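Dropping a structure here in structure tokens format, bear with me for questions.
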Amino acid sequence: MDLILVNLIDGLVTGLLLFMLSAGLTLIFSMMGVLNFAHASFYMLGAYFAYQISLALGFWMGLLIAPLIVGVMGAGVERYGLRRVHQYGHVPELIFTFGLALLIEELVQFIWGKNQMAYSVPDVLNFTAFAISGNSIPAYKIFMIFISIAIFIGLLYVLTKTRVGMIIQAALSYPRTVEALGHNVPLIFMGVFGVGTALAGVAGVIAGPVLGTFPGMAFVLGSIVFVTIVIGGLGSLWGALVASLLIGWITTFAKSYNIAMSDILNGIGIVTPTDLEDNIFRDLWTVTSPQIADILPYILMVLILIFRPYGLFGKRAA
Amino acid sequence: MTPALELKGLRKSFGKAEIIRGIDLSIGKAERHAVIGPNGAGKSTLFNLITARFPPTEGTVKLHGQDLTGMQPFQINRLGLSRSFQITNIFPKMTVFENVRCALLWSQGYKYSFWHMVNRKRDLTEGAEAILEQINLTERRNLPAGVLSYAEQRALEIGITIAGGADVVMLDEPTAGMSNSETDYITDLILKVTEGKTLIMVEHDMGVVFGLADRISVLVYGEIIATGKPEDVRADPRVQEAYLGAALEAEH
Amino acid sequence: MKKLTKMGAVSALSLIVGASAAFAENIKIAFIDPLSGPFASTGTNGLHQFEFAVEYMINDKGGVLDGQTMEVVGFDNKTSPKESLIQLQVAIDQGIRYIVQGNSSGVAHALTEAIDKHNRRNPDSRVLFLNYAAVDPALTNENCNFWHFRFDANADIKMDALTDVIAENQDIKDVYIIGQDYSFGKAVSAAANSMLKEKRPDIEVVGDELHPIGKVKDFTPYARKVVQSGADAVITGNWGADMLGLGKSIIENGFEGPIYTYYAAGSGMTAAFGESGKDRIRLIAQGAINPIGSEEARDLYNAFLKKYPEGNIDQSRIFNTIGMLSKAIEQAGTADDVVAVASQLEGMEYDSMWGGTLYMRPQDHQLIQDMHIAVHTNDDIEFDYDQSGFGVKNESTIEMASKDIATSCEMQRPDPS
Amino acid sequence: MSQIEQAKNEPKGARPKEQITTDPSDAAQRMRAGSMIIPVTPWVIAAVLLVLMPFIFTDNSAITIMNQMSITIIFALAYNMLLGQGGMLSFGHAVYAGVGGFFCMHVMNWSDFFAGLPLPLLPLFGGLAGMSLALVVGSFSTRSAGTVFAMISLGIGELIAACSVIIVAFFGGEEGVSGNRTYAQPFFGVEFLQQIDVYYLIAFWLILSALLMYLFSRTPVGRMANAVRDNPERAEFLGYSARWVRYYSFVASGFFAGIAGGLFAINYEILTEENLNTASSGVILLVTFLGGVGFFFGPIIGAIAFTLLQTVLSLQTELWAFYAGVLFVATVMFFPGGLAGLLMMHVPVFRLGKARLLIIPYLKTLLPAAIGLLGLAGLVELVFHYRHAATGDNEMTVFWTTFDSHNILPWVVLIAIAGIGLGIAKKTAPSLLEAWNEATTPDGGTR
């Protein structure tokens, strides 16, 4: 029972982290139609910038400044890169972000080298907040939860209560109309892209110390962010939240409990073959849930796309 | 004799708004039928219902007596119903010739063949050239369709629509946005290429309507308020009131 | 136009490939390991150690065979078996007869098989494969061949040594085994299970699991299970980011016992563990760094640090590889006849500057050497890693570990010609 | 009528500019829609070239690289059947090649059967395996194009790649599956011991598959693939189910990808997880786009360029991936038609017989630009070396010149080269543009 609670907390941390990435991505996608493959790269840049700043000014200044730099870079990418490619259509746009992701990874290696960075949790937060039957919950995780929730509330406020938010919301559903109403849509695009990448930057800043700051960190996270927004429904902020938490919990629980395929198959009445070693399906029989935990989201996504192409909360087909 | 196209109790709602409110209509073989009505009456929606671009909320569409419910657009097309679109809908990146040839492929029986070479098939080449001749685009055959003038694109659209040899042809505002001379040109073209076919068209230009149609239906707010010969419809007081009067005045 | 491009591209190709093939009077060693991509840091560090070993141990001391120098040529295989095979071909074409590789047993399998085929198909340009780090036992068992020599201890030998140490520690009652889901992770798990059962039947394996390799973002759930299981010790064969993530997570979430690892040092990992891993992380490795094996090794390490102040010698076997190769070449009197050199390597005994004597077992080409269990600490560290003040300190040594471990290798030797 | 008259008077060849430069799907009009013959000359030239190549480059490593190129070409052409011809963006196409290759490896290891099979037939099994997988996956993934298709392909790609370490029986885990091609039945006495034998086998399959893929694009279903790509709705109202048209393209593409996988199996005699993973799928997307999706031969150029970058440039610099990334992003931004698009821009110029006009301006602008870019690359190398090389290891070699990276001179020289080169290029660019406009305008038009 206690373990379930612990897993719920762990899954929440993972899910909220994912949400900070997917929120920006889903906004960008639904406004501009761009599946930004470089989104996780901005997450990585956030971590590296924060590391560099934390060397000089400490962790908190990193948390403050790094996302801003990332956001400005994101806006720059939109203004000088994407906008140019936009005229050629969506596929070149997507391929542009794909190339950008490669380039950013190379750039990071060029500047910081290929090793892990010693970017670590600030001392103030480096203690155990509380323990549930021997499982300690680090204070830093609680801090991550608070930051993510604060960002979610802030985002929700901006989107629903402010004028800018109204325009963005309208542009989500009716991009052409908004333009016709005389709003500077390119500027909104640039802003949304900047804010979206800045959010990814925040995620990088706070995830860097626990998940590691290394050149492969974007690749590890890369496609799972897409999976999240597709499952949640493209363009839906709530969908992104629900899907993020869902993925966070599914993967956490799948890793925490050793459910073997043979148990499931036996459960539905299929008997384990006696000569398992020679059986051609032996690998299937011995699969356990932790082995496949991280590919479960992909299975979920494919199923959702087949049976509900607009995702859990989406209004438009993907 | 079974009518070429028969609509029974056709309804369509988008959310709460009912756009088509129960239409019964029967169009005979080789008849030229025009659907007219004010803007927002649901003319294009009606077209889209017939060709299964949208599924109807209620009611049936029958083509030569065959119920089309649940069919996909391509299946309906194979039964011999072909349509054009209000907004030009061609393959802009292909050549004019290829546009027409693509339209010929299914009806010539090539289906999903991957063992025939299209440019080695005399029937395809000659068929496409004959159509190009009919729509006066032979000169432009090797240009990408997207660079044609608007009138040429409309002509090409009609060419694509009739190329497959469908016996029921539906044209959605074929002369929309054209100058007078272009309108005349397209009208002649329609007359020429729909010879002996059932034609159903939505049109705003009353000159075109009265020049082409054997019968006219007047659609107002999702209902047909009158159907009949042009002169009968013109005389119908309800039509006069709802629509025609104003339109006819504007003509002069 | 197509033709022109093709011509241009290919003439460029021949120019570049050909340019480097022109001169070949010194003895060249092809280093085929990742120099770009996610595992580049390990590869680059290895290349530096090889280059330094050749300069310091051979060329600065007058070379081998009447003054021939040695040269290490780096080939980037991007950790890809396919690229490795292409680079192997390029290396062979450049007249290189000695291939060294270590990262990823998958690549090693591809290389050893390709080299075996190449040597049989092209007796005129045979090459030797000096494997300095790929530890899959199969390479010196069922997949062994005459051209492959392993200078690292294989996974079973390491586990043998590791379980010897665990067996002596009566505080350990419950052990948790966790590893990456692939051949090496599985081999570690299988060896740990069988050897613990044999040496300490009372030890219970309270957890034994595999996780996807290189895909796990957050190790917390795994760490929870380790803590929950009440294990006294953890054994893992993880490497790279998976090692760091797992180790940090296990410690962070409240595990107090020792973590026995294969690859938890160097390449930024020691610095990243820092204080948190102190006295917790243990490493099974050959070659003693703290305290260092000999004065000679101390001089070498200091010279290395002078050249690469940010570098680590975390693979001292690289120096053994070069030392043994040059000795074999001297004894064979030729560097061109690789069969002669290989015959000298077989059964060679060599005194390593890192301590102990090395013995290249002729029946499977597995090097038998002392194994050390070292602990991650900052006390009594003369040579730290990653300039972090932390390093690995020897706790126990198993001499000539697994000298008699069984092998299924049936060595096919080429006919003497 | 007036517009039509007017249009008729327009000179030929004066197509809007973006048609030439930026339209990636320009293929249709290049294909010479109306002509009754399939041009034979390029195929003959290509075949002759392929036969002669090994006599020019006799090195085994050159042959290995050419083998790799040929395999990539087939794979990229197969990929372009989806992306270029059918408008379907796949992020997981490597699995079809991979599964084809793995299947071939198993055939190779099935010694009784393999001993009776001539090796040149083996790729066919790969093709069938790739096709079978495509038959299954395509049945649900081709329902729509666009994002849904792309995301399903990504998901399936990840799933199968993940399976490769789980389902060891078929994929052999992380060490993969290996075999020996020489156990096949000798083919007219050839046992395929040497790379050169394999080269001709691959070259044969290259010509055959490229030809078949080209011919596929000329068939009714191939033409309709273009139509569905451009306007799926219109295609449906012409009697074609967009889904089925996509499905056919998808399955055909899976077949040829499987052939590429089979050739990979023959060439390398090993298949591993890397043949399936998303990185390989990403690479083939890059290759195809770099070459140009709008032209049948685009992927061929892309495959050649990328293989050279990957295997030859990476021998010269560890920053090769950085340069590849820059090249790629620059291509997407400035030449979305890819390298092929860049070449084909010149067709109208040649047709007008004005290519001469461009030679001098090209020399004046592109030469300094190239020198400037090389200077820039040298600077990048210098910075990298300065930052990452070991202390004391100050010597470095750029462009066959060795110098001290901590000395000021090389910095000055390289900055000067880059600055002057790019400066001249910038200065002469307007005159190049002028010449270009002149060369693309037919004589009648200006006077």
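Per-chain numbering from 1; labels A, B, C and D assigned in written order.
The rule we apply is simple: a residue touches a chain if its C-beta (ideal position, glycine included) is under 8 Å from a C-beta of that chain, and two chains touch if they have at least 3 such contacts.
In this text the structure is predicted, and so the values were computed from the model without any measurement.
Asker: Which other chains touch subunit C while also touching subunit D?
Answerer: Expected: A.
Asker: Moving only to chains each one touches, count the minimum steps from subunit A until you reach subunit C.
Answerer: Steps on the shortest route: 1.
Asker: With contacts counted as defined, which of the two, A-D or B-D, has more C-beta pairs across the interface?
Answerer: Between A-D and B-D, the larger count of C-beta pairs in contact belongs to B-D.
Asker: Work out the mean Cα position per chain and let me know which chain is farthest from subunit A.
Answerer: B
Asker: Grab the C-alpha centre of each chain and report whichever is closest to the global C-alpha centre.
Answerer: Smallest centre-to-centre distance to the global C-alpha mean: chain D.
Asker: How many angstrom lie between the CA centroids of subunit A and subunit B, rounded to a whole number?
Answerer: For subunit A versus subunit B, the centre distance works out to 49 Å.
Asker: State, to the nearest whole Å, the distance from the C-alpha centre of subunit A to the C-alpha centre of subunit D.
Answerer: Chain centroid spacing, subunit A to subunit D, equals 31 Å.
Asker: What is the distance, in whole Å, between the centres of subunit B and subunit D, each centre taken as the mean of its C-alpha atoms?
Answerer: Centre separation, subunit B to subunit D: 43 Å.
Asker: On a C-alpha centroid basis, what's the spacing between subunit B and subunit C, in Å?
Answerer: A distance of 74 Å separates the two centres.
Asker: Two-or-more-chain contact residues of subunit D, please, as numbers and ranges.
Answerer: 162, 166, 321
Asker: Can you pull out the residues of subunit C that are in contact with at least two other chains?
Answerer: Residues 40, 44, 181, 212, 215 of subunit C touch two or more partner chains.
Asker: Could you list the positions in subunit B whose residues touch two or more of the other chains?
Answerer: Nothing qualifies.
Asker: Okay, what are all the chain pairs that touch?
Answerer: Chain-chain contacts present: A-C, A-D, B-D, C-D.
Asker: Quick one: which bits of subunit C touch subunit D in the complex? Just the residue numbers, please.
Answerer: Residues of subunit C touching subunit D: 1-3, 5-6, 9-10, 12-14, 16-18, 20-21, 35-37, 40, 44, 48, 75-76, 78, 80-83, 85-87, 89-90, 92-94, 104-106, 109-110, 113-114, 117, 121, 136, 181-184, 212-213, 215, 306-311.
Asker: Per the contact definition, I'd like the list of subunit D residues that touch subunit A in the complex.
Answerer: Its residues touching subunit A are 22, 24, 83, 89, 91, 140, 144, 146-148, 150-152, 154-156, 158-159, 162, 166-169, 278, 282, 285-286, 289, 319, 321-322, 324-326, 328-329, 332-333, 336, 384, 387-388.
Asker: Can you tell me which positions in subunit A touch subunit C when the two form their complex?
Answerer: 3, 6-7, 10, 13-14, 109, 113-118, 120, 128, 131, 134-136, 138, 210-212, 214-216, 219-221, 224, 251-253, 255-256, 258, 288, 290-295
Asker: Of all residues in subunit A, which touch subunit D in the complex?
Answerer: Where subunit A meets subunit D, its residues are 35, 81, 84-85, 87-89, 91-92, 94-96, 98-100, 102-103, 106-107, 109-111, 113, 223, 226-227, 230, 234, 280-284, 287, 291-292, 294-295, 298-299, 301-302, 305-306, 309, 317-318.
Asker: Applying the document's contact rule, which stretches of subunit C touch subunit A when the two form their complex?
Answerer: 38, 40-41, 44, 181, 209-212, 214-218, 220-222, 224-225, 227-228, 241, 244-245, 248, 252-254, 267-269, 271-272, 274, 386, 388
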